[in-house]
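Shared between the two complexes below is chain A, which pairs with chain B and chain C, respectively.
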Partner chain A sequence: MDIILDGVKQAIGLLIHLDPALLEIVALSLVVSGAALLISMLVGIPLGVWLGLRRFLGRRLVVTTVYTGMGLPPVVVGLAVYLFLSRQGPLGELGWLFTPKAIVLAQTILALPLVVGITMTAIAAIPRELVLQLRSLGATQGQINRTLLYEARAGVLAAIVAGFGAIISEVGAVMMVGGNIEHKTRVLTTAIVLETRKGDFALAIALGLILLALTFTANWLMLSLQRRLDSR
Partner chain B sequence: MTLSENHSKRRPLFLHGDMFSRHIAFLFLALILMALAACAAPAPPVDETPKAGVRDELVLATTTSTYDSGLLDYILPDFEQKTGVKVNVISVGTGQALALGRAGDADVLLVHARPLEDEFVAEGYAPARYDVMYNDFVIVGPETDPAGVRGMKTAADALKQIAESESTFVSRGDESGTHFKEKSLWEQAGVAPKGEWYVSAGQGMGAVLNMANEQQAYTLSDRSTFLAMKEKGLELAILVEGDEALFNPYGVLPVKPTKERNTNFGAANAFVNWITGEDAQKLIAEFGIEKYGQPLFFPNAK
Partner chain C sequence: MTHEIILSVRNVRHQYGERVVLDVPRLDVRKGELLALVGPSGAGKSTLLRLLNFLEKPTQGDILFHQTPYTPENLPLHLRRRITTVFQKPMLLDMSVRRNVAYGLRVRGERDGRAREDAALRSVGLQDLANAPARTLSGGEAQRVALARALIIEPEVLLLDEPTANLDPANVRIIEAIIARANRERAMTVVLVTHNVWQARRLAQRVAFLYEGQLLEIADTRTFFEHPSHPKTAAFLHGDLVY
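Then we have the complex of A and B:
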C-alpha cells in the first residue's frame, strides 16, 4: 500500500519540480508519437476518404487488409521493423535501428490502419444521396471531399484519437526497435518497464500517471475541437 | 455560401460524440480506480498464518543470466522430480528480483549482487544468504577492436581505454547485478562514463548484446549469456577475461514469510537445500560442457 501512496506523492513532486529527466522522456514520447500520428493523418485521412467513397474491384480485399491492420499485434510489428532495420536486414544501411526514427516507423505502421479504417467507416456511413445532391449542385470532387470530411468530422477525430492512444501507450514494439536508450529512445512506456524491472515502483507509478494524464488531455483537446466545429 | 456551411445546418449524419464521452468516462474511471487504490485501507491479511508445509508451486525470481543461459532448464527438472514442486521462474534484473521478494511475490531468489543481497538479509526479508555458484563477466566487443583492449589484464584498464577512445559502450543501465558490476568497474577505472559513446539501454543482457552487436559496440556480459547468444550468430568477441574483479558470485535467498507476505517458505527452503546440495551442484558444474566445451557456472556451495 505504501508503495502506491509513495508513488503518487513522488509523481506530484516530480511534476511540480518539472524534473528535467522526466520532461525529456515526456517530450520524446510526444515528439515521436506526434510525428507518427502526423504521418498517419497525412496519408491515412485522404486514403480513408478515398476508400470510403470508391467502389472498385478488390475493394473488399483492401478493406479487410485495413481492418486486419487495425488489430496488428504491436510486438509483431516491432519484430518486423527490427528485422528490416537490423544490420543484416534489407534496410540496415539506413542505420535507423535504436534511433527515434525506428520508433516513428513502427508507430506509423500501427497508427495508419486505425486512421484509415475509422475515417473510411465514417465516410462510408454518409448517405450516398448527399454526394449525388452535391454533384447536382455542381460541386467539384474537391468540394465534395471537403464537405464529406466535414460531415464525418466526429469519425475522423475519433480516428486521430484512436491512433494517438494506440501508439503513445505502446511498449513492445518501441522497446524492440528503439532499445530504451537513455536520452535517446527512452519513452514513457519503456521507462515504466525499466523502473518496474529495477523495482523502483514509485517512479514507475509517476510515469504511469503522466501517461494517463497525457491521453486524457489528448482526448479532452479533441472533444473541445469537436464542440467548436459543431457550434460553427 | 459555401457548400459546407449549407450542410452544417443539416442534422449531422454521423456523430460519434458518444464515443468521445465513453472514452473520457473510461479515463475517469481509470483515474478514480488509481486514486482509490492509493487511498484504500490496507487489505485484511488473506491468511492468518503462513502455511508451514510444502505447497506444490514455487516462484523463483532470478536474474536473466541464469535463465537465458539455459542453466535453469537444465537443473530444475531434478528439483521438480525430487520434490514434486513446480517451479515458476520469473527472470528479471536483480533489482526487480529483490523487489519481488520484498513484496512477497517471489518465494526464493537466485541473484548476484552481493551488497544488495546482504542488505536484503539485514532488513529481515530472508533468514540468510547461501553461496550457490559463480560465473564470470567478460568484456566483449567487435572483432576489429577499435579501442585496442584485446588481451588486457584488468577490466578497469580496458574500460579506461574504451572511454578514452570514445568507443561505443552499451550499458545495461537497469540496476541489475551486471549493471552494478559494471558501475564498480568504472569506479575502479576512475572514469565517470558519460557522453554520446556511452549508451544506457535499460534492458536485459540478451537485448543489450543484440544492441552491441548491431552497433558493433563494447559491453560487459556474463560469460554464459554471451556464449549462448554467440551460438545464435553474435558478431562479437571476448576481448578481456580472467580478471578477478570480473568474478560474479550467485546467492540463493529464501524469502521469510510474514502476515503480509504469505510466501512458500517450506518449498523455498527445500529449494535452498537442493541447490546447495551435492546433486544440483554436480549438475551446475557439468552444464555447458557438452554445448560450449566449457562449464558456464562453477558451483561453490559450502
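Then we have the complex of A and C:
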C-alpha cells in the first residue's frame, strides 16, 4: 500500500512542479493523438454522413468492413503499419517508422472506423422524411448534410469521444511503430509501461493520472459542447 | 376563362418496384388556386405531392413547372425554392421554435429575418413560444410551426400533406384559417392532400379524387360535391367506398 501512496505523493509533486520530462511526454501525446483524431474527423465524419444517407450496391459489405474496423486489434494494426513502413515495406521510403508520423498513421487507422461507424449509425437513424423536408425548404445537399449533422450531434460527438478514447489510451500499436524513443516518440501510454518496468512508480502514476485527466477533460468538453448546441 | 397553369402532370406513371402507385395522364394546377386532392389511404395522394415538389422523379412521364418539364436533378435551385411542402408529421428540427421557422430564410442566406420571423410566428399564434424547444410542443403547435416555416419563405406553391391529420378540432380550425389566408390574401397556390372531404369542401376551389393511383375526377368544389360524375367519387363522398 505504501508504494502506491508514495507513488501518488511523488506524482502530485511532479505535476505541481511541471516536470519538463512529463510535459514533453504529455505534449507529444496530445499532438499525435490530436492529429490522428483531426484526420479521422475530417475523413470520417463526411464518410459517415455519406454512408448513413446513401443506399448503393455493396453498401452492406462496406458497412460490415467499417464495423469490423471498429474492433480492430491494435497490435494487428501496429504490425501492419510496421510492415508497411519498415525498410523493405511498400512505404519504407517515407522513413516514417519510429517517428511521430508512424504513430499518427496507426492511431488514425484505429480511430477512423469508430468515427465513420458511429457517425453513420447516428445519421441513418434520422427519418428519411426529414431529408425530404429540408430539401423542400430549399436546402442544398451541403446544407442538408450540415443540418443532419446538427440533428445527429449527440451521435457525432460520441463518435469523436470514442475515437479519442481509443487512441489516447492505446499502447500496443504505438509501441510497435513508435518505438518509445525518449524525446522523440515517447507518449503517455508507452511511458507508463516503461516507468512501471523500471520501477519508477511515481512517474508512472503521474502519467496515469494525467492520462485519466485528459480523457475526463475531453469528455467534459464534448458534453459541454453538446449542451451548448442543445440550448440553441 | 383561361387559367395560368403553374404545375402540370403529363402521362405520369410511378412505380415502387413492380407496384404502380400512380398513373395520371394529365393534371394541371392553376396559379393562385387551392386544389384539394382527396381519396382513400393508398390512393397515391402523398406520392403525387412528392412528385409535384420534385422530391422524386416519376418512373415515366413529366412534371412541368411553368410549362417546362423538370426532374429533381435538373430543376434549378431558384425554382426549387419556389415550391415547398408541409408534411403530415411536422418534422421539426431539434432547436428553438424561432430557429425552425427561420430555417428556410437561413438556407437562402437571408440574415436579417427577425421581423419576418416575428410576423410568421404571430400569424400562427405562437409568438410567445418563439424561444421554446420545438420538440416540446404539442402536435397542433408543432404543425403550426411547420406551417410558419413554410409560409415565411413565401413559396409560389404550397403543398400540404394531411396537415391536420390527428389534430384536435381547435387546431384544425386554426390551421385551416392559416391555409385559407395564405391562399386568399397572398394568392399562394395551394395543393392540399386530405382524406377529410369536409375540409376540402371548406377550403378548396377545385377538388380532385384519386383512387388506386388514378385520377378519377377533378371539378370545381361545388360540382364535385353536388354532382360527382364518377360513381366511385359518389361512393367515397357518401362513405360507401370500402377500402
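In this section, the second predicted complex is superposed on the first by the 232 of 232 C-alpha atoms of A that agree within 3 Å, B and C clash if a C-alpha of one lies under 4 Å from a C-alpha of the other, contacts with A are read in each partner's own complex, and residues count from 1 in each chain.
Basically, a residue touches a chain if its C-beta (ideal position, glycine included) is under 8 Å from a C-beta of that chain, and two chains touch if they have at least 3 such contacts.
Model, not experiment: these values are computed from the prediction.
Within the superposed three-chain model, A:Leu132 lies in touch with chain C and out of touch with chain B [touch as defined at top].
Within the superposed three-chain model, A:Ile12 lies out of touch with both chain B and chain C [touch as defined at top].
Within the superposed three-chain model, A:Ser86 lies in touch with chain B and out of touch with chain C [touch as defined at top].
Contacts of A:Arg197 after superposition on the shared chain: chain B is touched, whereas chain C is not. Of the two partner chains placed by the overlay, neither chain B nor chain C lies in contact with A:Leu225. In the superposition on chain A, contact is made by A:Thr147 with both chain B and chain C.
Annotation: chain A residues 127, 130, 134, 137, 139, 143, 147, 150-151, 230, 232 touch chain B in one complex and chain C in the other.
Those residues of chain A that touch chain C in the shared complex are 127, 129-130, 132-140, 143, 147, 150-151, 230, 232. Chain B makes touch with chain A in their complex at residues 3-4, 7-8, 12-17, 19-20, 23-24, 27, 30-31, 34, 37-38, 40, 42-43, 92-93, 95-96, 98-100, 102-103, 173-176, 199-203, 207, 211, 213-215. Listed in rising order, the residues of chain C touching chain A in the complex are 50, 53, 55, 77, 80-81, 83-85, 87, 89, 91, 93-96, 99, 103-104, 107-108, 149-150, 153, 159. Residue ranges on chain A touching chain B, taken from their complex, read 1, 3-5, 8, 86-87, 97-98, 122, 125-127, 130, 134, 137, 139, 143, 146-147, 150-152, 154-155, 157-158, 161, 175, 179-184, 186, 190-191, 194, 196-201, 209, 212, 215-216, 219-220, 222-223, 226, 230, 232.
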